[in-house]
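Across the two complexes that follow, chain A remains constant while its partner is chain B and subsequently chain C.
== the complex of A and B ==
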């Protein structure tokens, strides 16, 4: 089976890289072969951070620089990311999953399905509990919405249950999951969801 | 919800029910042995998805990058069962600009909204990925700036 390609989008600082770090640990423990492509503006910051983390051999982490608005390389012209994914697949034929992290963007950012088979959108409580209500395309159209940083909801005056209920309501019943990448909660549910919907394993 | 019909793992497209496998699919259809998977056009670009047939059979689709899910794609074929894909291409809006200036505006506008479009003679077709009203709202904002109309398609045109 060819490796699944999934996208991870969402605003700057919502916890996309933190989620990838958590997922890498889970995938390692269940023996799923993974590689990662990061997208930053004009640096390789996230890729360097993941390489330093040491959860994957460094050559399984590629960086693509968007140069401009991050959505351009995941939607309007995803060829750079597609080429990076092809390179990873050619080099590591055993890969089962390639995760592509978009550079942090606004609520309108979405992934082209020419690039990924499936994508999730990560928002967090500190960005405000009104984010789901604003009905951005990323929030509405993603295959999975992740609401991260549940641990700090009380500190930023967010009623977390109400925020999750609103998120589910605007998505017409499509899935939304709560996580805290800091505490590790909700990660197992994300993995479970990915295994069922995308990895088939 | 899926039933306990045996799950299918699909890793290639075997042919087309509109073309090379037409007769084979047709024969199985007579015996009620064709199952259909319906997906919206927006999902057709995926190479991997979990889908359910009309008989609620669970299908795990994982295609090579070079394969494309198109209407009529035969995903499974034995003496006793065919599984065929139907792609609903219904959701689209055909925009007709009234003059060159308006055409430029219209193109620039839709481009800025990152809409997926197809170009036709004298018109531009927007492939909808979400509720139609969301698109019409954005187009209403443009009405004072450009002359254009939305061409209502007949069912046959939409088929073609």
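== the complex of A and C ==
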């Protein structure tokens, strides 16, 4: 069996790792075999955070250094990530899903389809409600746009419903979902979407 | 490895330009081979970068990687390649250097297999089965030959890619400007061409590059590169 490979990209601090932590709990509850590759820009902080979380055996979490080029490692030259995913598949043939987290970058990052079968882009309300209007490639082209931190929208002066409406409008029918990883809202919808679109289960 | 049909010179040049381009996926952009540590600790500076690059070209590439690549290119079949790879493995005394050379080779093979390059699948199978470690220059030499590059071209290409990669690290870390490193590369064209001469078949790696070898063993916790 070949595991599906999905990308999770988005700006620094938007909640990618928090989302992965939530997804890992959900996948564990429904018996989906998962591994994670993190692409940390400077440290292996995200990988260490996931290992400390204990939701996956540490050997199922690999860190790839991005060589100061967070775009390149997932787009122009994704071979380091491809090799890491190959290693995980060889070691854990039962894997169904490999999540590849981007190192955190601006709105221009996209995943190479040589690397992943499907990818999502995570933004958050604290980054500003004008992010959808900026129409970065990540916002426009990702298979799923996740708008995170919905719970703090009132505190950062964001009209959340308007931001979601704008996000959906610029994506020409591609899906966009709202989450609050802190509160756990919207996670089930993301899992359901992944099961339907990626895992076919 | 099987021989590719000889390429007309123009085709060989175009192929070399493609395989040596920074856009050609090998994963090598993620490796600094110790330079990130040396820059962070001030052991290499903007002023010393040109001399450092030349020293690495001679001490590391010419004396180690050139030999390893030429042997990979010259291997007549997979068994000979595996034997050569095992020999190179023994000559790399730094454990970090050895492991990172395996990893860089694996990344190169991951891309080469998906590109369906001649010989790539057999090499990858050998690595997956544990018959060879798959050192980066050895694998690269075999792939260059299978693609149709002559040994002389393969060595020039490898040296140029090595130098460009090294200087690219300095640019990405903010030590040198993009134009500045092009000037360094231009100054090193003649030494590079001289150092890229094919070694005799019985040559063995005997490099001395203590700064980078030690730096690779002292990886920084907060780093941008694999090594």
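In this text, the second predicted complex is superposed on the first by the 199 of 201 C-alpha atoms of A that agree within 3 Å, B and C clash if a C-alpha of one lies under 4 Å from a C-alpha of the other, contacts with A are read in each partner's own complex, and residues count from 1 in each chain.
FYI, a residue touches a chain if its C-beta (ideal position, glycine included) is under 8 Å from a C-beta of that chain, and two chains touch if they have at least 3 such contacts.
Owing to the predicted nature of the structure, the values given are computational and were not obtained by experimental measurement.
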{"item": "First (chain B), second (chain C), both or neither touched by A:68", "value": "second"}
{"item": "Which of chain B and chain C A:161 touches, first, second, both or neither", "value": "neither"}
{"item": "Chain B versus chain C as contact partner of A:141, first or second or both or neither", "value": "first"}
{"item": "Chain B versus chain C as contact partner of A:76, first or second or both or neither", "value": "both"}
{"item": "Partner chain in contact with A:130 - chain B first, chain C second, else both or neither", "value": "neither"}
{"item": "Partner chain(s) touched by A:59 [first = chain B, second = chain C, both, neither]", "value": "neither"}
{"item": "First, second, both or neither for A:200, with chain B first and chain C second", "value": "first"}
{"item": "Which of chain B and chain C A:114 touches, first, second, both or neither", "value": "both"}
{"item": "First (chain B), second (chain C), both or neither touched by A:192", "value": "neither"}
{"item": "Residues of chain A contacting chain B in one complex and chain C in the other", "value": "76, 86, 114"}
{"item": "Chain A residues within the chain B interface of the complex", "value": "1-2, 4-5, 71, 75-76, 86, 108, 110, 112-114, 117-118, 137, 140-141, 196-198, 200"}
{"item": "Residue ranges of chain A touching chain C (in the complex, touch as defined)", "value": "41-43, 64-69, 72-73, 76-80, 82-83, 86-87, 90, 114"}
{"item": "Touching residues on chain C, where the partner in the complex is chain A", "value": "23, 25-27, 29-32, 103, 106-111, 114, 128, 169, 172-173, 221-226"}
{"item": "Contact set on chain B toward chain A in their complex", "value": "9, 11, 42-43, 45-50, 60, 62-65, 114, 129-130"}
